[in-house]
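What follows is a set of structures to go through.
In what comes next, chain A is part of two complexes: it sits with chain B in the first one and with chain C in the second one.
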Partner chain A sequence: MTLNGLAVGCIYGLVALGFVLIYKATELVNFAQGDLLMLGAFVAYMAVVWWGLDYWVGFAIAVVVIAVFGALLDATVLRRVIGQPQFAVVMLTIGLGAMFRTFASVTWGSEIYTLPTPFSGVWTVGGVTLSHQYLSIVAGTLVLCGALYGFFTHTRIGVAMQATSQNQLAAYYMGIPVKLIFSLIWAISAGVATVAGILLAPVTLIDINMGLAVALKAFAAAVLGGFGSIPGALVGGIIIGLIELYAGATLPEGFKDTAPYIVLLLMLAVRPQGLFGTLGRKKV
Partner chain B sequence: MAEPILKVSNIETYYGPIMAIRGVSFDVPQGGIVTILGANGAGKTTVLKTICGVMDPQKGSVAFEGREIQRTDPDKVMRLGISHVPEGREVFPFLTVRENLRMGAYTRRDPDGVAQDMSTVFGYFPVLKERADQRAGSLSGGEQQMLAISRALMARPKVMLLDEPSLGLSPKLVLEIFDIVTRINRERGVTILLVEQNANMALKVADYGYVLEVGRIVMADTCARLMEKDDIKEFYLGIKDQGARGQRRWKKRKTWR
Partner chain C sequence: MRFVFKTSYAQDIQLFRDRMDAFWYVLLAAAVALLPVVMSEYYVGETTWVFIYAICGVSLMVLVGYTGLISLGHAAFLGIGAYAHAFFIKHGVPWVAAVALAVVITTACGIIVGLPALRMSGIYLAIATLAFATIIQEVFSRWESVTHGFAGMPVEKPVIFGVSFAHDTAFYYLCLFFLVVSLWLTRNLLRAPTGRAWVAIRDSEIAAQSMGVNIAIYKSMAFAYSAALMGLAGALFAHKIAYLAPDIFTILLSIQLLLLVIVGGLGSLHGAVFGAIFVALLPPVIAILRDSIPATLSSVAGATGLSLFGAIGEGVGAFLRKPGVEAGIFGLILVLVILLEPLGMYGRWMKIRVYFSTFPMYKRATFKRQKTYMRSERLR
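Moving on, here comes the complex of A and B:
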């Protein structure tokens, strides 16, 4: 039971991570993050079911395709709105999200699909049933976070990404190709969303609106964790996932979907900078 | 004077509708130290930003080693061999000192040379070695300035653009920084373009100086001669002229207007 909440929370955390990465680097909020997740899940579905490829091959193809797509999106569209009012960016990304959904419904139709996965069994440990599906989500999140952490702290380009998000102008002075870095961050962010989408696919099934609810809750998770903090995004996601689950189980009907936002409101009233708030830290 | 490594010709740079640089030209000779003096808002920083590509001039050209580089992206200008130490240091606050220095060497592919240069800059500024694993944001202003200079040096530049390295530092630290700047120039043959408000220090260190006022160059001469000029003494060095009656002339005007 807790595992389920944890697993869903991990998904929120991953999507929130995507929000935070892009926001930290480019100061844009990408409201199309949930739709990238949806596209990723569809590409994986197409690879596995239509073309009959192995699950892991399909997984890899989807991540690469959507990551490249994310990078192209940055290079062609989003780079032009950097420095424009936030509102323009919000409208643009919401619009892009709507376009992706339309594209998906034209291409794949509005049916609901099931992605077959190798995770179908259950383990029973001490009377508690652990489903492999949920375990795979938690394990996938842990592996991905470990990999990202290693990348950002131990590779030259990863550290350059940190540097760029801390001080863009100085990064330019170091000869860091800032524009390329932005595209790479979009690629990573879109790739992370795809992983989340594929892991989530067996739980919620794949349809064109699967990203919407997830993205909204993930946004709440990112705010809860303190927008701009990477561990905050993950912890926020897990908290939202658990709250949702327990509210659904113990409170009257309807609270399942509202409880996370009630907690978010309380949080904003009490500690507006979020759990791992970084307000005022980024001043140079 | 040797062939100029950096030649700025008649640049005009705008902030939106506001003309910040009104046709500035100057040369920086290979291996020299050139300084641009000027008060707040004279356009000193804008000149440097135009050279390194952060701002684009509407007119005029910037030539580096005979090649025009105006309107090039800053990361590409940097790859040609021009390192910029920006005003207000601009270190990466959440990276360690060591990581900051590595970022300075981002464009280099020779790990041995980078390690060697790292120990050289630790030799220039031993305090940075002590704090190598501390976050740059936790350093004092002076240490951050040292870090910014070292970081620029890590790229093995041919030209270093220094924007007010003395800003906000104690007089003792200013001496120390300028001492290192001179050593960098002598020992490593790095050409230096120094922008300063601290005219006293800048004129001592540099060979040749330009005076910038409201976007124009109003005076250009060797630093030794600049130091002797009345206007420089009066308005930049703060040496007050005593009149015949023991009083200061209150209506003294700059002669170049």
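Moving on, here comes the complex of A and C:
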């Protein structure tokens, strides 16, 4: 059972990771992250079921398509609002999210779809049943995080991204193409959301509202971990996933959905900067 | 162009800029009061929605537009007001007392939410209010002895001092009365030191603090006042909708309220009213277009003999009939407003007014926005 919580937590962590990547680099908060996840899952479904492609090919197509879409979104829409109040950006991405949902419901209809996956068996280890679905989520998260870690520390572009998110102006003076880097970060973030969506698809099934619920929890996860901290996002996601599961199992009905938020509010009251966050004071 | 010659500082904060201004508002009030005479019952009902949304808009405008605090959970306050009012009405409390109690309860909730909010800003506040709203929504559906959960809770028609406001037209005037009162109260607060302190906090918290504004007190006040207005709106909302259920007060309603203040224009009371007109009247307008566009275009196709028009009309009609399209249209308008006209409908209205009052001399550059590159909110 802990594995289930861990797996759902990993999804929250991945979506939260997408929030944090974008926030660290561009200071934009992307409320449409959950809807990117939904779009990714739909594209994968279309590739696998409608076109009859292999699961892994569909996976790759979905990630690439949504990543390109994310980059284009940054280049055409979100770049224009950099520097405007954060509130405007939040509302802008909420509006975009609503548009994506409408697009999905017009294109794919509002039915619920099932994505066939190669992970269907179970392993029994010492009397405990481990379903491949949940294991695949945890494994996928681990692989993806390892890959991202390697990318950010060992490649030129990754290091350039780190530099850009630390100090935009200085990075620009060092000859880093900041605009391109922003678009790439959006692409990575959208790609991560797609992976999360495809991994989640067998658990929650695919419908147009699958992203919204996940995004709200993931948002809580990102804040719990301290907005702007990558390990914090993952840890926060896993904590939220576990809390949700154990609250659902042990507390009275109704606490499953609210317990993460109650913990979040307590956390914000005690330590507003989150688990791994740092709090600065503006100096004049 | 008219210039107002100012001879004292008191002129800066008077209720109306000059007599002309006052005259126009009185004319507007008279026109709105006479509307039910010329309108059909259906439109009287829709206009009542405009008034209720406008009270919500004023409430949110104080918090978001004037104090600069984000709240993604205002539907929860609306719900608390609505349920509290319906509960007291059901238990035989007189109408005025029930409204007063509902307002007091929402105000208390506003202060409770506002207190932890003092330490947070920006995105943390947004998520905290969102968490609060989620919890409250769960409370609405679980606390069945008060809210009747998902079974729903019918609300009786308002009866004030023995006078029944059951008729749509009577209820229209009731809502109009409360809208005018809340606009007047808010305008008075905004032109007093309280309002200037709020604006100062919005523009720069540190500067406000340096000037001696007690941030904690004024932020809590903004939350409390905003929640109080929301409670009032909730009481009217309960009567208007007549049947309360927990799934009315979701995050989507909160977002719709935020959409209202943004489309209307942040930082102006006019904006709250403009936004309310927009939010309340767009769904009926879409419903009308859904039927009239295919009909018009097919008649055009019949007249010109081009079947293309008919096909386009059918396509548009079918598209508008799909589920969830309305949310997408709201989203699209939100995106366009933020990108093209951040001051919303009020900003556009101001530009049009300036265009005509300076007629041949209008310059676009008057309203040119300063180019911004990056503003860090991390160090606040």
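As a convention for this text, the second predicted complex is superposed on the first by the 280 of 284 C-alpha atoms of A that agree within 3 Å, B and C clash if a C-alpha of one lies under 4 Å from a C-alpha of the other, contacts with A are read in each partner's own complex, and residues count from 1 in each chain.
Here is the rule we use: contacts are C-beta pairs under 8 Å (C-beta built on N, C-alpha and C of every residue); 3 or more make two chains touch, one makes a residue touch a chain.
These numbers were taken from a predicted model, which means no experiment stands behind them.
*Asks:* Name the contact category of A:A75: first (chain B only), second (chain C only), both, or neither.
*Replies:* In the superposition, A:A75 touches no partner, neither chain B nor chain C.
*Asks:* According to the contact criterion defined above, which of chain B and chain C contacts more residues of chain A?
*Replies:* The larger set of chain A residues in touch belongs to C.
*Asks:* With the two complexes superposed on chain A, say which partner A:A220 touches: chain B (first), chain C (second), both, or neither.
*Replies:* second
*Asks:* Classify the contacts of A:L3 with the two partner chains as first (chain B alone), second (chain C alone), both, or neither.
*Replies:* In the superposition, A:L3 contacts neither chain B nor chain C.
*Asks:* Just chain B (first), just chain C (second), both, or neither: which does A:L148 touch?
*Replies:* A:L148 contacts neither chain B nor chain C.
*Asks:* Taking the stated contact definition, name every residue in chain A that is touched by chain B in one complex and by chain C in the other, in rising order.
*Replies:* Common interface on chain A, chain B vs chain C: 282, 284.
*Asks:* Inside the complex, what are the residues of chain A that reach chain C?
*Replies:* 23, 27, 29, 77, 80-88, 90-92, 94-99, 101-103, 105-106, 110, 168, 208, 216, 219-220, 223, 227-228, 253-254, 257-258, 261-262, 264-265, 268-269, 272, 280-284
*Asks:* Mind listing the chain A positions that touch chain B in their complex?
*Replies:* It is residues 156, 159-160, 162-163, 166-167, 169-179, 282, 284 of chain A that touch chain B.
*Asks:* In the complex of these two chains, what residues of chain B are touching chain A?
*Replies:* 52, 54, 73-75, 78-79, 83-84, 86, 88, 90-95, 99-100, 102-104, 106-107, 151-152, 155
*Asks:* If we count contacts the way the header does, which residues on chain C are in touch with chain A in the complex?
*Replies:* 64, 68, 70, 116, 119-120, 122-124, 126-128, 130-132, 134-135, 138, 141-142, 206, 251, 255, 258-259, 262, 319, 322-325, 327-335, 338-339, 342, 372-380
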